[in-house]
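This structure is in structure tokens; I'll ask about it shortly.
Labels run A, B, C and D following the written order; every chain starts at residue 1.
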């Protein structure tokens, strides 16, 4: 297969107000043929340069109403236009430009980059198969300074970790979910208002007291359960949590008692936990 | 000279509410001696490990009321404690954790990382000299989709750039300023409410119409002028703008007219412009 | 599942001569249970910290005779020791320290880092399944300044790429292959003397004249074919070539004819092509 | 001031043999005027695009005989051509492509990237001042597994570091030196044969036994002293050593004695030591 990445900006105006989307689009193609590899016969090969042109032309003609719709458009174009394409996958990721506000007033043409979680989506299709749409968030860094522990784990002669009931829970989240049959979903609303909010809520618990996390694994599961219960369009959800561990600095040798006030990040071991949960499994649970 | 970097978390509680600062502290020291280099005589060398301990102990004892105050505390400690120190500089940079909000309600112990411009400061002192405090913002990415041009520049046989009066202005800002005599400044308020707002305002102009930028250089100068005029505590301000250029994609060969709707970032040449402006110079201007 | 990464150095001496391996080990585990996710019951969870200890203890006890043997040792340890482990995969990557030479004389204890392709391997096993070993090279950057073209490709209304018969072929190679039944292979010899040499030879052709490449795809295939034909221990080989494109700079406006003397890298579109070839397929071809 | 960076490839042939240099050139300019900042008057501003064209044209016309000569050519061009230029600095860095060898035979047109220390140089000139040339190496990673210690350092109540006489010395070197009056130096020979060899020799000592290092600082100084004594063209040399510390893993809790066999890198505190030594100082010492 082959893939290629192109980054560009799509502007549009409504009256004097400007809108901007900067996206990175990665298109994977697998052809029905193998002759380009075996014989160097390029007659079915679609050059990277052509793929780039197609993506830019579609952006020019259709705009980018939502990331998901744009990915769907690209997929459909390749499947419809090129009979040598056996499989196509389009990944679209957005640079998080937000409109600037001055004293609460939105600016008509100025933007600031606010990378508090990157939105992405994927559309993929095999020839004669359904078009499947995924969406997700990545690079979302969250921290709870209390209400987290890790106890009762498996122990043997290689165990040196003490049990802890008040540690820091900090990590970088990756979540990716698939939508079922893609009717006319309001992809923006589902992403921002529903799923992102669910993730933050499940991670942190009620604002006035939080909710105790028994482990990174349990927090991963809580996020999945809440999204599946609140957002009916989601069929399957995968969550990966890259953990950053913090150790309370031992200050005894320095004559001080450090009551979880000063902590240093532990670079290694660096861990992550991941789980994929599907709706059916969820209903059975 | 020697320098070293340590990263850590400082937590504190007020009732049930948690507060967190994660900082990276880099301490530069220059000693009065040269014997450690010339003879390998280490008797005056302060090990990296000791410097780390001192930074952590100061964080434990004093907390981090503001980045600037913490940098000042570290500088003073080294200058006071070690007579072999000829010069000390402390750079402190903050990981941009923000309190999470759920439906507008602030969470008591959950945070999200929002890197829309990184806050940093520096305190430096030579033995027998004044303690000088700098503060700054870096990695602040801004974009104007109109109201920007570049015309009337110098031309010769190597010029191929066309004049433009409606280009994209996009870049990553670095601003660093020095405070005069450091009395009891409210460093947090000056940084967030005053200077950051000035930078955004000077970059983008009024929210309803913006302000035409004649060049990256002029925009750099506008930022400096506004900060110096609005924030009396600032004595000198340096601004560096790393430019990202965007080209309107030529779609003639593809049978389309691209009216500044689809643009691609130009990776190279990659440029930046920088200027340092002091209050005196400003008054003369 | 969960995974974690640990980086460490393993030293050993033979007489006065020092040997060093610095490795990064990433261990993936999937447990037979789901209760840690669903109920927060941690009783079967093996903490990251314990995994780290096991890896370090095995390195201490057995050393790292080869990367592959070390990965096998770790896999076997987890499968044997923990009955709750359903699947284990160990990835080991080496920091490319090479012994320093002074005027051709090898130094007994000094090393230089020479990252001209990173060696890695993987061992994986499902409970009751075979232990499979992979090895590979990544971040290997190669360039041919001639003997490369791309012609006869598929064309339509979105095609703007001209045909070329003398372009630059430049890219970053990733190759990963699996060994069949792992008897007492000399993993170091196979990697360095055989496979690495095959890759370089297939990429570049004979030293005095090279060999014309019809496309990136054909070059990928040539590498696979040569490895499979020359190295009987290899069963399957995957090759990914991340392409860097270079454009001859058009200097007509500057009054010059640029005869493929000055070229600039094209940052986007950024492409790659990949193919996996197994021995059986090869024999049939 | 303004600066910009351009990356490109310069090919040339001698008979059938190909030669390639891939360089990154960064040009800093400071103009005599300030009007472009203060008034947005661009009439003296040399656009980034023009600077790029000039660099490419010079590469096309003169080739890149050595990095240093190319940097000198660029400097001279700007100083001679533009009377509004008050200061120019050109930094040139080389992508470390090396000719491929097959069984010892050099390939006529294939290259491999071997980043074991990056070569760079700088030429700078103020109007009416001399043209000064610097050269250097960066990202050179070296390690000694023994013959290194750190003892007799300054101690007080914040000291927790134990004295060590057999630690790992590992770091990333940055060296930059200036040449005096630039006559017809053989820049390539000085860089490769002389200075690079001096650095490696001073870092590691004789190949059969090494040489004990009393500290990172002393090793920095040894490098400087050897270069100044062996290479008469060097006037001033700056060396920065970014230290990577390794800790012997304490395996007592795991029932094992770790005799400096397994060590883990310490991510923080991360330190560096730096020193600049000039010939005059050297002679007096």
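By our rule, contacts are C-beta pairs under 8 Å (C-beta built on N, C-alpha and C of every residue); 3 or more make two chains touch, one makes a residue touch a chain.
On a predicted model such as this, the values are computed, not experimentally measured, just so you know.
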Minimum number of chain-to-chain contact steps, chain B to chain D: 1
Farthest chain relative to chain B (centres taken as mean CA coordinates): C
Interface residue overlap between copies chain B and chain C, same or different (over half shared): same
Inter-chain centre distance, chain B versus chain C - centres from mean C-alpha coordinates, in Å: 39
Chain centre separation in whole Å, for chain B relative to chain A (CA means): 29
Multi-chain contact sites of chain B, meaning residues that touch two or more partners: 6-7, 53, 57, 158, 160, 254, 264-265, 268
Touch-based graph of the chains, sorted into line, ring, star, complete or other: complete
Residues of chain D defined as touching chain A within the complex: 157-158, 160, 253-255, 264-265, 267-268
Chain B to chain D touching residues, read off their complex: 1-7, 36-54, 57, 81-82, 84, 150-154, 156, 158-161, 213-215, 217-218, 220-221, 243, 245, 268-275, 285
Touching residues (chain side chain B, partner chain A) in the complex: 6-12, 16, 18, 20, 53, 56-57, 59-61, 97, 100-102, 105-116, 140-147, 168, 197, 200-201, 203-210, 246, 249, 251, 254, 256, 258, 260-265
